[in-house]
């Protein structure tokens, strides 16, 4: 039905159509699963995200992987634009929701990780059988950096441990890691250019999400494409970072920090 | 140091003070725990929330309980004000962040559960040794309903299963459930007034969080008071419901729903 | 009818009740005034605010005064928390609405002027016939500063010109300035304490709005009380400052400023 | 200097660059104009918008025109998505800022007027010397409606009075109306297709803003292009509609409306 509605084939008699959660019975259901079942059958936060976003239960390793992503993206210190705005708003004496929201609104093209972009690019390169070399040169021609590649500190001989751990996890439990393998081959190409052009955590998550969509057996090809196109991975970052932003808002209240005013002498009035 | 800063005893030489996450090293640390440790030692989402909000690792049962709360509060259907505004914004063609935020901003005194209020009231009644009867009458005199008590459908002989499951979990794993026990005695009193004045899921979470703060051994009395006063439980609802709100935003995009316009004939122009 | 609805005397058959603008005819009406009338009869922005907020046309001097307030509160530089967050969000590459909103959310108890507070205090002192001395001492006893009094730079012998101009305007056109006169007498008292405890622009606007509500003949006493209690003056600041915040968002885009990251060495990690 | 900064030619020694308002002196200046000057020399709200957004004073007729736009876009009833979300948030008991913001976030591609789009299209057609016929057919080929053309109620023989009044104003005071004239010729073409394909108020504002940019003598060609490209006209709608949204938030508080819950039977659960 929901597909028919989307295609405009069916004219619905109500003003709202909704498909993820039914609250009409004795207890709410997430994609058909009651809240009692959630607890009795030991669902986790990753499962709840799957139910409400993908409308299906994913295999154990997949929801575990989603939880890993949430944990790794939950915070990245007070200096990034999201945390900064949340801190400023909390220090203006505003409530937790306003503080969180003021920070969330900075998430976008320049702040929020390159996960969706990395996924889109790797999918494009892999599915069109571009050699890693052609893939990298193609982006360069369009004046783009390879999303998911590059690190300020890490390098060839000093890899990011999180990337290693995520790879280990996936190679052990995922049915296939062909997108990850493609990303690794891209990394081999970029490493020839510079030692710090290693796969970063965003690139690793992006590639592995493609593997999960393609090989878990839970998604049709059309559904997988839709997930990448609509941009669920950015949404995952948003939910994850909410944990950190709320943490920063609470932190400032706990320390009773006063109103922030940017110092005059750090502004060029022109 | 952070206490000294809060008390104004120390004049800090920087414009920002922050204490939950350090991003200066090779990998970010949440309250001193590196991201590699998070993955290698099998931390969960509940642990990350503890680290970033409470700045400490809690016992296994406690972080499991936090995850249960996140799962149970993640969504409650499309009709509540938060989901509704998110749906309207998503249908106006706006991005996921804007859609999420438009819904989050409705969370507050009337929408968002009565968890913090329930915790504050039960703490007050219990710590001041009010009999359940005096507690209930005291609120009535001030014209207030007992927060955490009452259900539209459930009743004495048809309890809310989630409340039963949470109670079972706590009685099995929590060192003490004295706040829960107090809330149960309050429920006995209100049930004499009306069969539907049962403890609801908000009341149960509120009481159990008090037990967790008081008996886990992880918080001083002063720290526990601060958590209740600042209102961390409302924040927990906010993060949990973000999952559902993002789900609703994605749902509308998937179904390509058009701009929402409230029907003229459902408005009284006066 | 709208009063009856508010008092719950009438059960309305619709889910929404609305009273400020009717969009059902050929052209929208603001409180009964068509948009053609607005233009043909030379209404101004101040009149539109009156129509949509107060549901009535005010005398010319009153809407002129509202416009003066909008102009004087429209911006206050890039360092205050609102402008700062808008700048950070605009530099994160986000759209104008997100940038504006991220800044607006900092407006509240500590940022946004003391206009509503000044109005509430002066109204309280004046209507209860407190002598200026008792008024000042009463606030001091409660540990409060007199809102609307005090200036970082200005003083007894170097008054704020805006305050002078607003006073001149009001003394020329307002039927009565008894609240302003009360505020001036309060200022005389505080000036005996310190030369910089002059009436500031917030205090002047707050007092004059009270005069406008009391003496324009356009409001009943009950209506005037409601305006002060609900907090329309803070709302006026919000609309005014939207102009400046949008200006800052556009300014950063015009100058193509990059992502803002707060400097590490300006943060105390504790 | 600000152009050099934008082009990356100058490396600034501060973290923030700002150019619209200087708050360092005795009173803030908007683009060099002190607040005293604003009042003494009878500036209006339109002038303040010009100073803070365009960094220049515009001729009287131009700032008057900006004020007309603000007034005509200030509200459009409670049913549109912006007002609706503001109403829902206000009824959830949230503050004025949160209520305003929840509504503002719906402004975008589908809600907020077609002013910027109309301006971009008319500019493109006019500057490239497209005949009105080719212009209309070109858009049709790309599957687009002509922005700024079409009205649900108005038609050839029953014009929108606001459009007439704006046109009259511009023909009387603007040095040139060549973009408006182009839009009128486009209208002649579309009217041959259908009687209701008249120029609407969005189209009229869009075309006239182009005339203002091109013929007021206040903008270089490059500056005018930048204004259209960055999207100032959408920003004008945002500031204008803030007045109405705040009006709706206040309206609901005045009528003490309870929490809104969308009716279950108006939702298709699928």
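Think of it as A, B, C and D in the order they're written, each chain with its own count starting at 1.
Just so it is clear, a residue touches a chain if its C-beta (ideal position, glycine included) is under 8 Å from a C-beta of that chain, and two chains touch if they have at least 3 such contacts.
Here the structure is a predicted model, which is why all the values come from computation and not from measurement.
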{"item": "Shared chain contacts [subunit B and subunit C, defined touch]", "value": "A, D"}
{"item": "Other chains in touch with both subunit A and subunit B", "value": "C, D"}
{"item": "Which of C-D and B-D has more C-beta contact pairs", "value": "C-D"}
{"item": "Interface numbering overlap (same over half, different under half) for subunit A and subunit D", "value": "same"}
{"item": "Chain centre separation in whole Å, for subunit D relative to subunit B (CA means)", "value": "41"}
{"item": "Mean-CA-position distance for subunit D and subunit A (Å)", "value": "34"}
{"item": "Inter-chain centre distance, subunit C versus subunit D - centres from mean C-alpha coordinates, in Å", "value": "24"}
{"item": "Residues of subunit D engaged with two or more neighbouring chains", "value": "2, 5, 15-19, 22, 24, 78-80, 84, 97-98, 101, 105, 107-108, 260, 262-264, 267"}
{"item": "Residues on subunit A engaged by subunit B in the complex (per definition of touch)", "value": "2, 5-6, 15-24, 26-28, 30, 35-36, 38-40, 43-46, 48-49, 52-53, 67-68, 70-72, 74-80, 83-84, 87, 95-98, 100-101, 104-105, 107-108, 153-154, 160-162, 165-166, 169, 226, 230-232, 234-235, 238-239, 242-244, 246-251, 253-257, 260, 262-263"}
{"item": "Touch list for subunit D against partner subunit A, complex", "value": "1-2, 5, 12-19, 22, 24, 97-98, 101, 262, 264-270"}
{"item": "Contacting residues of subunit D [partner subunit B, same complex]", "value": "78-81, 84-85, 88-89, 91-94, 98-99, 101-103, 105-111, 258-264, 267"}
